[in-house]
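Before I ask anything, here is the structure I am working with.
First chain written, first letter: the chains are A, B, C and D, and each begins at residue 1.
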Amino acid sequence: MPWSAATVQGWKPCSTLASPGIMSSPSEPARRCLVNETRLRVRYVETDQMGVVYHTNFLIWFEVGRVEFLRQLGFTYRDMEREDGCYIAVVDARCRYKAPARYDDQILVRTFFKNLRASLIHFGYEILREPEMTLLAEGETTHIVTDAGMQRRELPAKYQAAFARALGG
Amino acid sequence: MPWSAATVQGWKPCSTLASPGIMSSPSEPARRCLVNETRLRVRYVETDQMGVVYHTNFLIWFEVGRVEFLRQLGFTYRDMEREDGCYIAVVDARCRYKAPARYDDQILVRTFFKNLRASLIHFGYEILREPEMTLLAEGETTHIVTDAGMQRRELPAKYQAAFARALGG
Amino acid sequence: MPWSAATVQGWKPCSTLASPGIMSSPSEPARRCLVNETRLRVRYVETDQMGVVYHTNFLIWFEVGRVEFLRQLGFTYRDMEREDGCYIAVVDARCRYKAPARYDDQILVRTFFKNLRASLIHFGYEILREPEMTLLAEGETTHIVTDAGMQRRELPAKYQAAFARALGG
Amino acid sequence: MPWSAATVQGWKPCSTLASPGIMSSPSEPARRCLVNETRLRVRYVETDQMGVVYHTNFLIWFEVGRVEFLRQLGFTYRDMEREDGCYIAVVDARCRYKAPARYDDQILVRTFFKNLRASLIHFGYEILREPEMTLLAEGETTHIVTDAGMQRRELPAKYQAAFARALGG
């Protein structure tokens, strides 16, 4: 029986993305995906003298979204570190900026799971301004799983299972 | 007569990069390029509870290097904004992380100019730890030139000339 | 007729503070005050390698609380700047740290208005961790009202009236 | 024989402070003190939409100065943590703002040691803009010495001796 977004509490389906095609390719049909939606408000400290949000803050918002994505999957990154000595280190981060975010804006962070392959975890993101839903930026991060000493290790089975569910597997 | 790095005060030639090939392609020989070198020390606030530098700080260091690159070209970004109402906004930023930076590390930021095409400015970066010269990260940023209202505008001729010199043109 | 906290939507009375005495003195009875309560979650970027939140983030949270305090008063700081050219610049900031905040903690920021005298605005703050309501820090900030050029100016009457209401005047 | 700043490599005497009286009181003559001077340049990320440096960055600069003060005393805070499991946690921080710092300003951070009493360490700071030496801010921080678990511990004797020297003892 096919996976249905409606059956998964609080998740949005991939088709709600501003660029839903990001999850498909010519050789494979559009994949199912789960999108976490997290909201935050732009802080004064995040602005710069151009009168807009300084660009690295979008990557910090990606992290805020990623943490809430994991919480929605059923665990916390905090416990992953504390109880399993399992760290998700960033090895690649990219952001494309479409329109400026401004002080006090209500920001929507959409985080989705792109894949888990060869011990690399890929997340995708969209940053929008509410309520008009203007797309401000989109990006991706790639991560490896490490131990406390920053050495690569395998993702424990319980997390692998949770990620697999996020991909509708 | 070929361009000589030795004739340009303080600049390093492209061949000093950890990945000098980044400036060449099969269809064109390795290009001449100028590399600015700027040093900074990791601040406590830049670390996170993983015991390493939080990843977005590398992009802030890219900006520190970019500003010093412009200063070495003969002008300041500060005056570019103040006197010419000319802003260099980030439209794309990417960073690949190779090894962690740690508190109190002496960091070398290498900034080089990739090109100026169709009103887009491309910079490249390498982040190394001194004195052992370990490559910690490399990245690129793409920028557009805007006015104070974030509307695209042309780069004033004097800056175009300075950038052209940086490409050995 | 006496002011009643219960009649003011969403505000907490001063007596809910961990240190309610902060609003009284031997020469004057405990004053009435309004307390705004704002919640946020500790971000990874806010931690340092000591495994706790880096201390300057508490002052950023003070600002988050201050902005929500103003919103609860009936206006936004954003419009105060945009529409009235009225800026609230910090001239003094202090924080006393009682216990560490940690990654992913649920933080409660309590902001209260201490007074408005001789064109100086004083705010007080308490930072607590929920749900156990541990007091993590307390502090104060003092502000002057300026124009866009950072020159001192008078607070427009409509804001003075709003602040007076916050003091139960 | 009186202590002479000239005999201590690189240190400045207390009398060079903008407010040298900060080290004296009616009941005791102006004390000798050592002042570390550290320079940094304002980063773009440190500005906000008011066009000036966001106020919490001054406290980050205090820390930059504090670390260089310790280095000048003959040890590094990095090794203090790593080799001796000795942490200097902030328990109180205060800053008074006199004039705004702006993007690309050349900042001078003056750090001086106020005292070490009952296991509390007090530092004082002045932030100036070069070359005109405008006083932008001044402040103090108070610290306790802790172990890795944030429990109070005694400062190892070798560091106590180094601090005593800094007070001319």
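Keep this in mind: a residue touches a chain if its C-beta (ideal position, glycine included) is under 8 Å from a C-beta of that chain, and two chains touch if they have at least 3 such contacts.
Values in this document were obtained by computation on a predicted structure and should not be read as measured data.
Peer 1: Report which interface contains more C-beta contacts, comparing A-B against B-D.
Peer 2: A-B
Peer 1: By mean C-alpha position, what chain is farthest away from chain B?
Peer 2: C
Peer 1: Approximately how many whole Å separate the CA-defined centres of chain B and chain D?
Peer 2: Result: the chain centres lie 32 Å from each other.
Peer 1: Where the centres are mean C-alpha positions, what is the separation of chain B from chain C, in Å?
Peer 2: 40
Peer 1: Please tell me the distance, in whole Å, between the geometric centres of chain A and chain B computed from their C-alpha atoms.
Peer 2: Spacing between the chain centres: roughly 28 Å.
Peer 1: Would you mind listing the residues of chain C that make contact with two or more other chains?
Peer 2: Expected reply: 44-45, 49-50, 52, 56, 60, 103.
Peer 1: Give the list of chain C residues in touch with chain A in this complex.
Peer 2: Going through chain C, the ones touching chain A are 43-45, 60, 63-64, 67, 76-78, 103-104.
Peer 1: Please output the residues of chain C touching chain D within their complex, sorted ascending.
Peer 2: 49-50, 52, 55-57, 59-60, 81, 87, 89-97, 100, 150
Peer 1: Across the complex, what residues on chain B touch chain C?
Peer 2: Going by the criterion above, the answer is residues 44-45, 47-52, 54, 56, 103.
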